[in-house]
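Shared between the two complexes below is subunit A, which pairs with subunit B and subunit C, respectively.
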Partner chain A sequence: MVHLALIGAAVLIAIVPVAMLMRTSSHGRPIVYGISLIVSLALLAIALLTLLGSSEAASVAVLPLGLPWLGAHFRLDALAAFFLAVVNLGCAAASLFALGYGRHEHDPQRVLPFYPAFLAGMTLVVLAADAFSFLVAWEFMSLSSWALVMAHHRVSDNARAGYIYLVMASFGTLALLLTFGLLAGPGGGYTFADMRAVPPSAGLAAAVLILALIGTGSKAGLVPLHVWLPLAHPAAPSHVSALMSGVMTKVAVYGFVRIVFDLAGEPAWWWSMVVLALGGITAVMGVLYALMQHDLKRLLAYHTVENIGIIFIGFGLALAFKAHGMPLAAALALTAGLLHVFNHSVFKSLLFFGAGAVLNATGERDMEHLGGLIHRMPQTAFVFLVGCAAISALPPLNGFVSEWLTFQAILLSPALPSWGLKFLVPAVGALLALSAALAAACFVKAFGVTFLGRPRTPAAAGAQETDALSLAAMMVLAALCLIAGILPGLFIDSLAPVVQALVGARMPVQHGVEWLSIVPVAESRSSYNGLLVFVFMVISGWLAALAIHRLASDRLRRAPPWDCGYPDPSPITQYSASSFAQPIRRVFGTMVFRARERVEMPPPGDSAPARLTVELRDLIWDVLYAPIASGVGAAATRLNALQFLTIRQFLSLVFSALVFLLLVLAIWP
Partner chain B sequence: MGELSYDVAHLLAGSLVLVSFMQLYQDRLYALLNIFALHALVLTLSVAWQAYVQEAPHLYVTAGIALVFKAIVIPVALHRIIVKLGIHREIETVVGVGPTMLLGMGLVALSMVVMLRVTTDADPLARQDLAFALSVVLLGLLVMVTRRNAVSQVVGFMSLENGLVLAATGAKGMPLVVEISVAFSILIAFIVIGIFLFRIRERFDSVDIQTLDRFRGERR
Partner chain C sequence: MALILDLAVQGAQMLLVLLLAPLLTGFVRKAKARFLRRRGPPLWQPYLDLVRLMRKDVVLAHNASWLFRVIPYLVFAATWVAVSLVPTFRTGLLFSWSADLIAIIALLGSARFFQALAGLDVGTSFGGIGSSREVMIASLAEPAMIMIVFTLALLAGSTQLSTMVGFLVSPEVGLRVSLGLALIALIMVAIAENARIPVDNPATHLELTMVHEAMVLEYSGRHLALIDLAASLKLLLYVSLIACLFAPWGIAGASAGLAALAIGAAAYVGKLAAGGFLLALFETSIAKMRVFRVPEFLGAALMLGLLATLLLFFSRSL
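Moving on, here comes the complex of A and B:
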């Protein structure tokens, strides 16, 4: 199996030169995206066969590549298969979407060669089974995605986004390099099998956890390492944004699960507290940032930060239960986290595709310039609405299931013996609830301002429905959102081998439960039936519509909307994105963002309009990153003098460094 | 045999260090070149002795290369360059001769301490050899650092390389390919530096590297 998967990755790499040759030809796009689609579907099939198949043993391959004494190890076990499925589902959808969407690309030569390389990088990270291949694939993924972020490098701020992304990616890889160095130990066992066989000592394992959190968290977007994410994800072309947000963050999550659950040995009790606290803060901060945004794609990128927080809450709970010897509860929490990984990849890809379709149709990302698109792009509006409902965790869609399961795990926390966790977990639960509610508010804003009301600009008024292939990609994902929402038992059962391998237990089998309900712990405690909710909603909605149309008038009447008695028909009098967010900004923003509102009134008698200016400050940037940046800048200015030494001074520098090192060697005990 | 071979190897390697010291106090270019030729000659003897002791005939090739190129070709070529360019034949030093000699002694002591500590379980002959070789390398670097004249920097660089060859031949079983490639790279370096000398001279009428620095508009 792993050999087949590697062949798939090799095919993806092999089309990179093809894409380079055909970069200006009009056939380049269908060929590159078509082959990517086929390969992704094949890899998805391989992953599903491995995950659902009965074969317990993982398939292993060792290629004579890389370091001569190490080789390149690849392994396809249940965990890798699950993430391979998630990655390639997203890749297949993005390729299908790009078949239509890519037609509007101005610079296809800047996108086509890097796209299959990016897909191959992500697939290889998931398959890698030694530190060297993992890091090479990881860097491959980072660099090719960086090239894609820089595809439109002349757009203002994209170059800065790319630069910050590159710096953060290098930093994250450094942390991962150190992580694997610690895990390998002095013996230098760089394969994952060696690391698994010799778990690190308690002190080392703590360092491994922190470094893994930094390394994978900086890629996944954990606060406060998220700064690059909302800059870089929107800067890329939309199908790549969907991949970066929906899929690449999941590859980072895979890295975390692989290191912390699989390689680092038994967790200590305090690990979960770190992960839980970070997850809770990330969830709330992500959604608060998102609420302050008017840029549709950036809003979605901040929601990725929020959902990564939710996923890490699930993992934190799993660590807590695992450390205290409660494998069943750990299995529940880990299943919740992994299910959210899948769900988020589906609906976040869907939403980014929708944002891409809107961007194509109107040329606008700023919501304040959109509006009324539901009449012009009805199908896009419908699938976007499905995505919004799913990410807001509304039943019967898939987002609800995973967040509900996370809450079920939180409700098991009173059984934990540790007092710290007894206090922390309910607090994190409150943060999770808060973030879910704010996310719903945020997507009411995103959908309402973009698709409802009247168009605010001529560009929005002249929008056209997007092409059939893009719509097909979005429809498939929307259907998956619904299927995963009404048949969650199927997905929970297929996650069982993954969870079994990582925490040594699994959730109860959902297959035989009556009426396709899911029962996470016991029937007496809680159960959820998505199908029932769906059927109820369909029937009651249909009945209501029937009643209204049959019993009341079904005549269509168009009338001017009530505008507080003000007769100005200008669309600017509608609710705007910032006015919708104002109450939440006043409650949370004054503290978190130092939000200041300033009203400038014209003097009496002057007919100039009054102005309301809102100032927001990103405290995390100001406190954490700005000092580092200025410190590095100052040091660089000082060291600049070193560039202008004479030849002899350079030689003296080398000489004194050599003598110094020899002295150290001589004096070292 | 063992005692004698050890002593002779020790003597030759020690003389190489001694000749390196002689390079440090030369203040005329021709004299410096002559000393360098002597340096290469001692190296040739040392390598040839190693070839005899280790019964490694390929080391004779190395010795031959050292003799032909380093003891004859390069000094003669440098002589010609000096004549052709009409280079000022006095060497300007940065640090006085006395302090330089003291520094050199410190470096030799340092390399002894380091090498004897690091290679405790190695063959005693190799140990001594490595310690001397490191001294030669460091002294070559010292020549490069304390002289302002470009030709003397070339000489410093070449004698540094001699130290590397000494180290390489002292260790048993060093393949010939490595030695030849090292020698070849040194030859290339020599050609490049020679061309540079011509170019510098063409432009500035001097090979004093201070001129280069002034050209780059920098303080000393």
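Moving on, here comes the complex of A and C:
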């Protein structure tokens, strides 16, 4: 199986030169995206066959590439197969979307060659089974996505976004390099099998956890390492934004799971506290940042940060249960986290596609310039609404199921003996509930301001519905949101081999439960049936409509809006994105963002307009990054003098450095 | 046979809540009027209002979208399904396992999500103000509610409402600090969720402090009737929830006979009347607060719920 998957990746890499040759031809787009679509679907089929197939043994391949004494090891086990499926589902959807969407690209030569390379990089990270191939694939993925972020490099913000992304990606890879160095140990066992065979000592494992959190967390967008994400993800073309937010962050999550659950040995009790605290803070901070945005794509990127937090809460709970020898509860928490990985990749891709369709139709990402699009783009509006409801964790869609499972895992945690966790877990539960409620508020804003109301600009008023292929990609994902919401048992059961391999237990089989309910622990404890809830809602809504239309009235009259008798025809009198968020900004923003509102009223008699200015400060940037940046800048200025020495000074510098090093060597015991 | 009885009870509950909800609203209005030394509208006035609204034409704004017309049905359906799953006169309803308390809260969240969208659809400033304040209130009320659910679930060892009620009605419960905190928090959340004084005023129109009424301002005719009915159902849901969790006496068990069912139904109606009376008393004795005091009110509810949960994490006997 793994050989087939590698052939798929090779085909993707092989289209790169084809794409370069055909960069200006009009056939380049259908060929590149068409082949990417076919290969992604094939890889998805391979992953699903491995995940659902009965064969327990992982399939292994060693290629004579890379370091001469090591070779390139690849392995397809249950965990890799699950993430391969998530990655390639997202890639297939993005390729289908791009078949239509890519038509509007001004510079296809800047996108087409890097796109298949990006897909191949993500697939290879998941397949890699030694440190060297993992890191090479990881860098391949980072750099090709960086090139895609820089596709529209003449937009001034994009260059800055690309620069910050490059710095953070290099920093993350450095942390991962050190992680694998520690795991390999002095013997240099760089294959994952060697690392698994010799787990690190407790002190080293602690360093591995921290470095893995930095390395994978900076790619996934854990607060406070998230700063590049909301800049870089929106800068790329929309199908690439969807891939970066929906899929590449999942590859980073894969890296975390692989290192922490698989390679680093038995977890210590305090690991879970670090992961839980980071997850809870990330979830709430992500959604609060998102609420303050009025750029649609940036809002979605911040929601990726939030959802990564929710995923890490699940993983933190799983680590806690695993460390205290409660494998069943660990299986529940890990399943919740992994299910949210899948769910998030589906609805986040869908939402970015929708944002891309809006961007194409209007040329606007700023919600303050949109509005009323539901009339001009009804089908896009419908699928975007499904995505909004799913990400807001509303039943009967899929986002609710994984958050519900996380809540169930939290309710099992009083049995944990550690006192620190007894304090932390309820607080994290409150943070999770808060982030879910705020996410719903944020998506009321995102959908309401973009699609509802009256158009705020002529561009929004003249929008056209997007093309059929893009719509098809969004419809498929919207359908998946519903299916995963009403039949979650299927997805939970297919995760069982992954969870079994990582924590040594699995959730109860959901397949035979009556009425297709899901029962995480025992039926007396909790159960949920999305299908019945969905059917009940459809029936009762339909009954109400039928009864009213038959028995009462079905007449309808159109009239101007009422608005308490004072309707104003100007669309700027509507609530905007920032006015919608104003109450929440006052409640949470004054503390978190030091939000200040300043009103400038002209003196009486002056006809100048009054102005309301809102100041927000990003404290994480100010406290953490600005000092580092200014420190590096100051050091560079200081060291700049070294560039202007005479040749004698340079020679004496080299000589004294040599003498110094020899002295150190001589004194070293 | 047992299945038919179960099905009948479930169906009876769905009809009962639908029929009782306007009565409860009417009762609260009447009681409030009496406290204010007014005669007040008759008890059945909400039914008359509903019938009148149903028969009228819908007057729809020119730029209202299809979503605006679908939302009343969605809101009604979600609320009705949620209230059908709360034990009223009998526990162990046929479909009670299809959604636990967390899912019921989330169903109400779905209803609110769509209602807030409807407020933005026509693009008027009143709709916007209502929606934006509603989601601000919800962003604190929902986590507070989840914390209350955690408290009860940790005590009863289940998030299923039927199991919770079965535990709370048993003699091993006794007086507990955590239950007291949860009750206070639940009442605060219920007041906020149902847009009652001091958070919002269900009786006002044309006032800048209104939240719920501003959101539904553009609705008319049968659409408005459905939304009003859903609001009444939500009030009934919260009163039933408080009744079945904190005053579970008289409620019939899963295997109860007809006599027990009759007692359960009578007790339920009595509890509704008591709840409505207390709500009216509370509303007339307190002034409405400024909108930006509401976060403090709900923040207190959230902290009480969190405190109760924390207590139970340390000892199940608290």
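The working rule: the second predicted complex is superposed on the first by the 654 of 669 C-alpha atoms of A that agree within 3 Å, B and C clash if a C-alpha of one lies under 4 Å from a C-alpha of the other, contacts with A are read in each partner's own complex, and residues count from 1 in each chain.
By definition in this document, a residue touches a chain if its C-beta (ideal position, glycine included) is under 8 Å from a C-beta of that chain, and two chains touch if they have at least 3 such contacts.
All values reported here derive from a predicted model rather than from experimental measurement.
By the touch criterion defined above, A:S652 lies against subunit B but remains apart from subunit C after alignment on the C-alpha atoms of chain A.
By the touch criterion stated above, A:S553 is placed in contact with subunit C alone, subunit B being left untouched.
In the superposition on chain A, A:A577 makes contact with neither subunit B nor subunit C.
Of the two partner chains placed by superposition, A:I311 touches none, neither subunit B nor subunit C.
In the superposed pair of complexes, A:L665 makes contact with subunit B only, with no contact to subunit C.
In the superposed pair of complexes, A:F644 makes contact with subunit B only, with no contact to subunit C.
When the shared chain is aligned, no partner comes close enough to touch A:L89: not subunit B, not subunit C.
Looking at subunit A, you'll find no residue that touches subunit B in one structure and subunit C in the other.
Those residues of subunit B whose C-beta lies close enough to touch subunit A in the complex are 94, 107, 110-111, 113-114, 117-118, 138, 141-142, 144-145, 148, 153, 209-210, 212-213, 216, 218, 220.
Of all the residues in subunit A, the ones that touch subunit C in their complex are 371-372, 374-375, 378, 381, 385, 389, 392-395, 400, 404, 407-408, 410-411, 413-414, 422-423, 425-427, 429-430, 433-434, 436-438, 440-441, 443-445, 447-449, 452-454, 515, 517, 523-529, 532-533, 536-538, 540-541, 544-545, 548, 551-564, 567-568, 571, 573-575, 579-584, 586-587. Residue ranges on subunit C touching subunit A, taken from their complex, read 51, 54-63, 65-67, 73-74, 76-78, 80-81, 84, 95, 97-100, 102-103, 106-107, 109-110, 112-113, 116-117, 119-129, 131-133, 135-136, 138-143, 146-147, 150, 153-154, 157-160, 163, 205-206, 217-218, 221-222, 225-226, 291-292, 295, 302, 305-306, 309-310, 312-314, 316.
On the subunit A side of its complex with subunit B, the touching residues are 644-648, 651-652, 654-655, 658-659, 662-663, 665-666.
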